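Only one structure is covered here, and it is reproduced in the block below.
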Amino acid sequence: MSLQVSELRVYYRTLKGDVRALDGMTFELRDGEILGLVGESGCGKSTLGKSLIRMDGRMRRVGGTVTLDGHELPIDDDRRMNDYRFREVSLIPQYAMSALNPTRKIRRMVTELLRSRGTALDTAELERRMDQVGLPREVLDRYPIELSGGMKQRMVMVISTLLDPSLLIADEVTSALDVSTQKAVARALLGFRDSGYVKSMIFVTHDLALTHHIADTIMVMYAGKLAEKAPADVIVKAPRHPYTRLLLESLPEVGVRYTERRLEGIAGSPPSLLDPPAGCRFRDRCPIAGEECAQEPPVAELAPDHHVACWKA
Amino acid sequence: MRRYFGRKLLIYGLTFFVAVTVNWMIPRFMPGDPIASMVARANVTNAQAVEAMRAYYSNLFGLDQPLWQQYVNFWGALAHGDFGISIWLFPTPVTDVITQAVPYTLALIIPSVLLSWVVGNRFGAYAARRKLLDNTVLPVGYVLTAMPYMWLAVLLAWGFGVLLGWFPVAGGYSFSMRPNWSWTFVLDLLHHWALPFLSLFLVALGGWAIGMRNMIIYELESDYSSYLSALGAPSRLIRRYAFRNAVLPQITGLALQLGVLVAGALVTEIVFAYPGLGSLILKAIQNKDFFLLQGTFLFIVLGVLIANFIIDIVYVVVDPRTRAGMAGAQA
Amino acid sequence: MTTIQEAAPREPAGVRREALYFAVRNGKLMAGFGIVLVLLLLGLFGPLLFAGVPNDYGTRPMSPPSGEHWFGTTTFGQDVFLQFVHGLRSTFVVGVIGGGIAAVIGMFVGFVAGYRGGIVDEVLNMLTNVILVIPTLAVLLIINAYLGIRSVAVQGLFIGLTQWPWAARAIRAQTFSLRTREFVDLARMSGSGTGKIIAKEIAPNMSSYLFMTFILLFGGSVLIASSLDFIGLGPTEGVSLGLMLQNANQWSALQLGMWWWFVPPGAAITAIVGALYVANVGLDEVFNPKLRET
């Protein structure tokens, strides 16, 4: 067992009250597993990603635990969490294009970053990994502004995984890229797992089609809660949760990317997480909602590794 | 990079052109007969000076010639370094009067500007996002930067000069001395220099500290800082990077503030009767010495342009993006 | 020097109430505006409440503060407090006129350059940069020396005419970033003209930024005016805080130890400008959630 998240609740503090961005998430991630985390924007998937590595100032853990390789992560203690960052948990951020300090050459930045974490730079290893993702070595002696978007993205990927973390969080890494680059990035991530640079990975995205290519397991989130989690093929071919089905139906065909706008094709909008209604949160948009949906559905394991939170599933 | 400097030089060239033109134009836009009114306003009793004034103004304005000819003549005189003759110190050429005052102004302005910039940036960077320090640096910085330069000068002169008697409050050196290269004279110079320097330094310091503090906070919110934090980098490293990035806009800020800093130096000199350009301007105004005033104006503009260009060069050296041939700097 | 961080534009409706909520709880904002308000009221009503002509010579020269003369008297027996309240009024007038004119020009140049782009932008940008480089005080020296500025209002006018470039540049940059936003596109597609789009779509979306710009221009105008006054190029009619400093300096108040002559005017300028700057920081925090203390 690599990662265990149990009953995790993380709220955002706002003026109007707490926004329950994560409201009782429980799931597991095995060694070597790539988990695709899918959902509309605002469903809590980014909050989950952030919670596992670095909460921002407005976020607050209300309950639940995160355990990585047998150690409980102090996710709401910024200082103690530093011991785990980079070494155990690492991040490829959404903003990879602007993640590199503009006034340092890459080599110097990497050296300084590693030294600050008490490690010396193994140039040979770094260059081998750069070769693996097709980055020329001259990149190390360039400033970030001299690199293309794709190069910056790959450079960040290499840097983030340099200390062989156990868990890698890839947060919307493909959303800013064109289709062919997306494929290359996905391939590179798979390569990282296969080479053992990372043990397991959470691939946060709103792109269900791309996730299908890379992930072993797909987890669909809705309004701060788990909707369905199953092996990638099962999610795509035999989804049980009505929300997952609607998501898939809104895809014109597998292999073609859908955008968030098309997702609005599902009538209605998610409930406010400020004061979410009782019962199933998808109820108001669900075509098959019934009486029992006024009660909150528990997450049930319908088949091995197939978890669904729906009375009708 | 060539484009960058080309553009800068074009701006500075245009600026100089505008300044000279304004300088030429304003006397001609004065209502009434400029020569008569100026001679009258000059209030000079020295008959020789009155005659010289009349001759110079007539020659300079060349009112019988067409306007474009007058304008060309004006540029011609400039090209020869001819700014006319001072009325106040008749018959010293304006250029000589100015070149005697310039060293004092430079000695005051260059150290105070550079030091306040360096120290202010350090303070500001250190205070940013550190609650206790921030709560002291920020108010003190705002009070300093809101002070009229001459008022702090007056306060310092009163406190350290009049009340405590530690420093002289007037002149560039003691009246009893003649300028020479002895140690006693140099010490005397420094003694007179200390208070005006301190005054300029302190007012400018506040502004730089505040500017840097704001820039650092902005940089600490930036993506590269978040990335480093997510990788567990210590805040020492993140702050060092933030500082390095925040210094760049502060360099641009230095160029933008030059005018204000020069203005501050002028009024500070007046408070301390320091024999630089500021005191010269005061004398020129009191004696209606328009040649001197106009000459000083052009000198100041020229100085600011040169300083701007030096800052541009520094910027290119410091910012990798301009060197890499990208359009990094906008100013 | 004071910088304004980029103010991220947001939809106005919901934000306004939130801004007010933070505004009344922001100590910097409240303290800053409080100080300015007190001095403004003193400048507005002081001259009405305390009768007398500020420059009239009195019978008791050089006397320190007392019950009769709150701020003492000058070498000529003028009442310093009377000059002070009249001077405050001039200071606010110069700030409003100078800051206002500079803001209007800066907004016009910045909006047009930023929104139109292209050759219009090139020309305006060049003009802005040229005027930006010329040291303001030096130009004002020449103008004032030759024209002999008489009134506070005209002094404010000329200050306004020279102060606008940095504001134009800042506003241009903001406009530039708003130009491609969806709501502007929408307005353009629905056939609105340039002026209308700027007035209806762009300006309201950066109103807080514009207000902060005006505050900085106001402070800058006050400081420049006081320098001009101090050099002896102030308004020949009336009283101002800068003129008070000039007189104090010219008539050796320093050497004579007459601190009551030069302390109040400088302190008032510092208080007004400083309070405005601090209020500006407060405003920035109110409109820019990132800067709020967490």
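When the chains are written out, they are named A, B and C in that same order, and each has its own residue count from 1.
Just so we're on the same page, a residue touches a chain if its C-beta (ideal position, glycine included) is under 8 Å from a C-beta of that chain, and two chains touch if they have at least 3 such contacts.
Bear in mind that the values here come from a model prediction, so they are computed numbers and not experimental data.
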item: Two chains sharing the most contacts, counting C-beta pairs only; value: B-C
item: Most widely separated chain from chain A, with each centre as the mean of CA atoms; value: B
item: Chain closest to the assembly centre - both centres taken as Cα means; value: C
item: For chain A paired with chain B, centre-to-centre distance based on mean C-alpha positions, whole Å; value: 55
item: Chain centre separation in whole Å, for chain C relative to chain A (CA means); value: 50
item: CA centroid of chain B to CA centroid of chain C, Å; value: 21
item: Where chain A touches two or more other chains at once, by residue number; value: none
item: Residues on chain C engaged by chain B in the complex (per definition of touch); value: 1-3, 5, 126, 129-139, 141-143, 145-147, 166, 219, 223-224, 226-227, 230-233, 242, 245, 248-249, 254-255, 257, 259, 262-263, 265-267, 269-278, 281, 290-291, 293
item: Of chain A, residues touching chain B in the complex; value: 53-54, 81-87, 90-91, 93, 95, 98-105, 112-113, 116-117, 143, 145-146, 156, 159-160
item: Of chain B, residues touching chain C in the complex; value: 10-12, 14-15, 18-19, 22-23, 26-27, 29-30, 131, 138-139, 142-143, 145-152, 154-155, 157-158, 161-162, 169, 207-208, 210-211, 214-215, 217-218, 221, 249, 253, 256-260, 262-264, 266-267, 270-271, 278, 281-282, 285-286, 290, 293-294, 297, 300-301, 304-305, 308, 331
item: Contacting residues of chain B [partner chain A, same complex]; value: 222-224, 226-234, 236-237, 241, 244-245, 248, 319-321, 324, 326, 328
